[in-house]
Amino acid sequence: MSKVKELPGEAVVAAASSPSITNSSRAYLERVRGGDMGALPAVFGLLVLCTAFALARPSFLTAINFANLFTQGAAITVIAMGLVFVLLLGEIDLSAGFTSGVCAAVLAVTLTEMGLPWYVAVLAAIVSGVIIGTMLGTLVAKVGIPSFVVTLAAFLAFQGLALVLVSEGTNISINDPVIKAIAQKNLPPALGWGLYAGCVAAYALVQLTRARKRARRGLVAEPLSMIAGRVGALAVVAGVAVYVLNLERSFNPEFASLTGVPIVVPVILALLVLWTFVLSRTAFGRHLYAVGGNAEAARRAGIAVDRIRISAFVICSSMAAVGGVIAASRASSVDPNTGGSSVLLYAVGAAVIGGTSLFGGKGRALDAILGGAVIAVIENGMGLMQYGASVKYLVTGFVLLLAAGVDALARKRAAAAGLR
Amino acid sequence: MSKVKELPGEAVVAAASSPSITNSSRAYLERVRGGDMGALPAVFGLLVLCTAFALARPSFLTAINFANLFTQGAAITVIAMGLVFVLLLGEIDLSAGFTSGVCAAVLAVTLTEMGLPWYVAVLAAIVSGVIIGTMLGTLVAKVGIPSFVVTLAAFLAFQGLALVLVSEGTNISINDPVIKAIAQKNLPPALGWGLYAGCVAAYALVQLTRARKRARRGLVAEPLSMIAGRVGALAVVAGVAVYVLNLERSFNPEFASLTGVPIVVPVILALLVLWTFVLSRTAFGRHLYAVGGNAEAARRAGIAVDRIRISAFVICSSMAAVGGVIAASRASSVDPNTGGSSVLLYAVGAAVIGGTSLFGGKGRALDAILGGAVIAVIENGMGLMQYGASVKYLVTGFVLLLAAGVDALARKRAAAAGLR
Amino acid sequence: GGDSGQTGATSTAESSQKAGKIGVILPDSKSSARWETADRKYLEEAFKAAGVAYDIQNAQNDKTAFQTIADQMMTNGATVLMIVNLDSGTGKSVIEKAKSRGVATIDYDRLTLGGGAAFYVSFDNTKVGTLQGEGLSKCLADKKADKPIVAYLNGSPTDNNATLFKQGYDGVLKPKFDAGEYVKGPDQAVPEWDNTQAGTIFEQMLTTEPKIAGVLAANDGLGNAAITVLKKNNLNGKVPVTGQDATVQGLQNILAGDQCMTVYKAVKKEADAAAKLAVALAKGEKPTASGSVKDPESGQDVPSELLDPQAITFENVKDVVADGYVAKEDLCTGDFAAKCTEAGIQ
Amino acid sequence: MTPLLEVRGIDKSFGPVQVLHDVTFSAYAGEVTALVGDNGAGKSTLVKCVGGIHPIDAGEIVFDGRPVQVHGPRDAGELGIEIVYQDLALCDNLDIVQNMFLGRERKNGLVLDEATMEELAGETLEGLSVRTVKSIRQRVSSLSGGQRQTVAIAKAVLWDSKVVILDEPTAALGVAQTAQVLELVRRLADKGLAVVLISHNMNDVFAVSDRIAALYLGRMAAQVRTADVTHAQIVELITSGRSGDLGLKNGTAP
Amino acid sequence: MTPLLEVRGIDKSFGPVQVLHDVTFSAYAGEVTALVGDNGAGKSTLVKCVGGIHPIDAGEIVFDGRPVQVHGPRDAGELGIEIVYQDLALCDNLDIVQNMFLGRERKNGLVLDEATMEELAGETLEGLSVRTVKSIRQRVSSLSGGQRQTVAIAKAVLWDSKVVILDEPTAALGVAQTAQVLELVRRLADKGLAVVLISHNMNDVFAVSDRIAALYLGRMAAQVRTADVTHAQIVELITSGRSGDLGLKNGTAP
């Protein structure tokens, strides 16, 4: 998460060339006071939601429910993370949901009908995603058809493709233990703690090295106290999460124990770190923001805009493929509805709730996590509420609006203060 | 359609303040040569589609199929026409489909359960649309939640609302003859010809009066020959259409005769004229384009941007209500799925295919008709092709891409020539 | 599927010069695999055997598309229309339009209320629900459950058939709830029969009510979603789950002991009965049906062929294979081979 | 003589950065007041505060002797304040006529009176000697830099207003057009309007202005009569905030 | 002496409107060539044609004696042509450093070398005397007009290029900054680069240029040595296309 701090979305005022403003913690507080809250509004909306559900249904706060949250939200979050790249350019991919379905079907077919090992199947699924993304991106960037239309066509075609792959509507069961483990099994508690220690240490190291390097070159660097604060916060929050996830949550522990961090958690974390790194630390990421912010300026700066566009679609579709694998793992089956119904809208919604703009130029991998968490909490909480179908729809819509409203009001304050 | 010619999308070069360029027909040809083709690409895409289907299935060209096209595409086209207003501002309304469902349900309930006359029911449906639009617009404009999120929440909530209205999974039959007539009956042939004559005459009159007025004030006006050409073209095309629709198309005419222009056609025409007038001839329409083009500039010009935003959502939702009434009429029933499945995506797709931009500032009511026609022709043609489920999806996607591709390549040429 | 219907149509065009053309509209391909894999196949076989031109299309759960397809079939010259309606309203408007053009209609699998089709061929949907309710009761009795908590995983809230299934199993289980024999647990509908959402819904049911002892899932897909969650919590096999459609997945779950029962609808019988009527109508004959069903809306008697669904448990899985509905090589893969032998499948 | 427009003690921050410090400034009817200052001194920000684009943190705006609240551009427009912003604020998707009448369209009943608007726009632009605009029905996106600027100026002077503020109106203009605009500025002031002109060109400033106000790093260094100062003094005020007796003392207001 | 950059007989139309008619223009290494002309004369369009933004309808571009094809900004960049466009073309959502290195980021392996870029950007900006930028990590959207212009100029001179074209670079700049930029322009030419300067300010043009090319309504009226003409002659060329022997004869090329 360290990388997120310096994304274009949040120009770090502290890194001033004049040394007049030095204390970056003061600067951060002033920024918050001034209305530029970064991820705070989304986190705040999330807290409001969780509190409401916890009050309404105490079982919301159980360890098992906490663990469920991760597996329930994983597929949407991963798809949303891919969509961020396309949205960053001001494009859209309506077919991301069914892309995940098609790739899940490819996985299922290679796994069961062709009987190949799990890693070949996963590879096949992701390669399918890459191919799909290349196709979509080329149609958008080179032929110049609006992405809405291209991906609407793909949305239709991929439903047909999924039907063909699962032979006109049958369900394919997935029995491979490795694939099933992704969304259904947990890390051994010890490994969970080990991972925790590793992550916190790595984070601290990266932060410190950066600050030291900058200081050595005479550039304004974050003071040690700030870094310590951030690392500390991460350590505490992640520590509590790992602790809770390592609690026993089986209904009949004497019969079979159920503990540990779900395997999807490190998977999502790895993807988050990867894409955050790409977006904020590589030239490719920089170019994505540039094309999204002002495609003409990017073109004049010599950036190969078409290539950037195509890459974004490739990333989006291959992340959709990963999402499809997770969904297949969770359902231990693939059918023509995998990736259908609400998946796409929820995934785009997750990215937008997290703060990604549909107009391009603004978005982070973390947004998908935050927004995905909001969506997952709503689905999870609503599942505990036992409403009838109609009331459930109504309340879900209302709750979503509430979470987004908290966030919007906070941002509005930021805009009023003249910051965008 | 006369109004369309002078929309901001197509600055009329002929209206130059210097009289150096006078011949507007030459100017038009030069514009086409230069790549600025207005509605031509969409029309061209449509022609390609029709030719392909006519070759594959001769029955595509029958009178009955031509009449079917109108009723099949009507609901989507009307909803798309409303969406154009929201898209013009760079916003989106994901709930438009279910809004049409909810309003159709309101219609059905007032009609059957409350036993009120048809005009009260239609009014109730449209008022529901207005209320929904006001709500959505206020949340977007005043609270500042992104429209994607607001309407996603509404998308969920309205599914619940529709379920409540038609009481969980049943459906309400509509037996009112007037409502059923809208999408199922035709005008008497004589009335069809009368309407035709009236429309052509009115068009000619409007064009001539405008040109005369401008000429009198010394402004550059269209030459008579141009106007005559346009009126003539309209007269021929519309004349052929009315003639074909007035042919007998019953399979056993002795059993029951089936002739005349479907009633939805004048309904859609009236809406087209109304909204084209609003968009191109009123201050409100001008302000819509301004807000969509540059909201900040519009605000600085003293335009009440929030009010414009809300109005756009109101128009969108009430047009969705009209679309819902047409859908209910065609199906003679309403159930919780009315307005669901592909309705929304097809409606937005129609607007975009017609040439409306998702980024705002560019779009016309006619776009919805053109795009709606593309969607309707594809559905209609595919219905004649007898494919299995999966192949049909695949081919539909491909055909949609083809139609959009023709259009995109034409527009790309325009962009290459430096025109946007 | 493919466009084999097309080839069938042309190859038989001359031989049945005076015979009409049959149009069939199937409802969707996602809520259940039967429509594309079974019904289409059996209907095509029957039509080809009779040498009648036909056109089979699928409305993909889209009402607008459903009506458009009906229009287009009539444009293409269909004289008999066999529909599986998506809801009675659109069904009715299609039937009325057909009638007004002198096209004969058959309600296939679902009765169009107030539509007045010439014939109705179906399984009894309420009966399906009744079998599910009875099956679950039996499994719970076998497990000797004491005041078991029963959870409902209903079909799509917008699907009228889901309502009929629920009527059926409620008819069996509600008396038991009222008598205090069973305890009514969470009761939720799964939008669009979506198996992924069903997983989340059931997971949350289990979080609120960990002691769920029986699950009435409306079809095999939903059942499998519940079983996956139960497996994760090591409860599979201990909590009986129902299903419907006798899919390979459902039957495998039964063989594995994770699912208690499914409902098998002998689609071939249904398709054959309907095809017989349709072919006769297309040839201008006046066929008759064995029974009739009273349309609750119009009060008219609709001539009907009604078929009985069959409950499938471990003991009679072999019946489904013997019927040819599911192929042994699809069912008895890998670990299931042993179970197949055990269940007496050859 | 009371100023027609006066701002008093305005503070404005963007997040942690304070851009205006206690700025006081007045514009008098019938006079051209030049507002000068280095790049980033806060001139445009001050104008945007007056125009209601940015809310102010502290201070007040006094119009014609009454304190007024300006919450948005509409309020400013109603007071009779017309502004040409530096970042022109034109709608690229509209044509020249449409932009010039934006928000104040001429109507015949409900219908837009395009003919009248076209005539009026044509006349106004003629007065600003733009010869190269091919058609006033051309979209603004296709105009050259100077043409855009001319449209923005024409848009602002089309109306009966009491205060006209021009933020670097001649920056992109050619020699002849610049002369025309300066002449227009003088004419507006002579008609009794209060005109505020922001410019980096000292020749222009001295040619038309009656008073000069100099901003230095967000503080008002001095507001003086043009006749009382020299070219050099103003440049000194701009670059260092003080010049002899004039200007800021040690970074605080005089 | 062969010119480093030469365009010959360029025609350019936007739809039905022809903007450039048979334009010929050359820029020499080690010299500053001023390109002048009225608003809408076609200066920016000519520059955009050279930069590959607009495709040309006819004519050719000759670089260092070889005819070259410029199909896009990348081609221009590879030839060593660096352009500051009038409509600055900055990414509002990126900060100053990010904009300055856009498309040519410094890297350490895969990773961006932010520290080096920050240092370099800081130094370059320092040289252009921008004192009011609070932080070079500030987003470009929050900059004042002059600050944006400075960033665009700094971006262009950061690179080793052979031709630098500046389209009205000083339009929004203050007195001191303008002086700095003119000095920079002279310095670049003295380093052996071919510099093209577009400006409406005749004082600036005469102060730094070696040659002057005047466009009139899309035609090249004349290209002359600065030393050979007077201020008044150039103004006449700009406004009427001819001046004595110089310029267009009856609207055709000389």
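A, B, C, D and E label the chains in the order they appear, each numbered from 1.
To be clear about the criterion, contacts are C-beta pairs under 8 Å (C-beta built on N, C-alpha and C of every residue); 3 or more make two chains touch, one makes a residue touch a chain.
Being a predicted model, the structure only gives us computed values, none of them experimental.
Student: If you average the CA coordinates per chain, which chain's centre is most distant from that of chain A?
Tutor: When every chain centre is compared against chain A, the largest gap points to D.
Student: Which chain is most remote from chain B in terms of Cα centres?
Tutor: When every chain centre is compared against chain B, the largest gap points to E.
Student: What's the call on chain D versus chain E, same or different interface residues, using the half cut on shared numbers?
Tutor: same
Student: So using the touch definition from the top, which pair is joined by more C-beta contacts, B-C or B-D?
Tutor: Most contacts of the two pairs: B-C.
Student: From the mean C-alpha coordinate of chain A to that of chain D, what's the distance rounded to whole Å?
Tutor: 47
Student: Where the CA atoms of chain B average out and where those of chain D average out, how many Å apart are those spots?
Tutor: Distance between chain centres, rounded to whole Å: 44 Å.
Student: Centroid from C-alpha atoms only, then distance chain A to chain C, rounded to Å. What do you get?
Tutor: The answer is 38 Å.
Student: Mind pulling the residue numbers of chain A that touch at least two other chains?
Tutor: 13, 21, 159, 163, 168-169, 388-390, 392
Student: If you look at chain C, which of its residues touch at least two other chains?
Tutor: If we look for residues of chain C contacting two or more partner chains, we find 1, 29, 35-36, 60, 157, 191.
Student: Spell out, as numbers or ranges, the residues of chain E touching 2 or more other chains.
Tutor: Chain E, residues with two or more chain partners: 14, 17, 133-134.
Student: Mind listing the chain A positions that touch chain E in their complex?
Tutor: By the definition above, chain A touches chain E via 6, 8-9, 11-13, 15-18, 21, 213-214, 217, 219, 281-283, 286-287, 289-290, 292-294, 296-304, 361-362, 420.
Student: For a test of understanding, state which residues of chain D touch chain E in their complex under the given definition.
Tutor: So the residues of chain D in touch with chain E come to 14, 17, 37-41, 44-45, 86-87, 130-134, 142-147, 150, 168, 171-178, 200, 202, 217, 235, 238-239.
Student: Write out the stretch or stretches of chain B touching chain C in their complex.
Tutor: 57, 59, 62, 64-65, 68, 72, 75-76, 159, 163, 168-174, 184, 250-252, 255-256, 258, 327, 330-338, 340-343, 379-380, 383-393
Student: Mind pulling up the chain C residues that touch chain B in the complex?
Tutor: Touching chain B: residues 1-6, 9, 26, 29, 35-36, 40, 55-58, 60-65, 67-69, 71-77, 86-90, 92-93, 96-97, 100-103, 113-114, 157-160, 162-163, 191, 297 of chain C.
Student: Mind pulling up the chain A residues that touch chain B in the complex?
Tutor: 90, 92, 94, 139, 143-146, 148-150, 152-161, 163-164, 168-169, 345, 348-349, 352-353, 358-359, 388-398, 400-401, 404-405, 407-409, 411-412, 415
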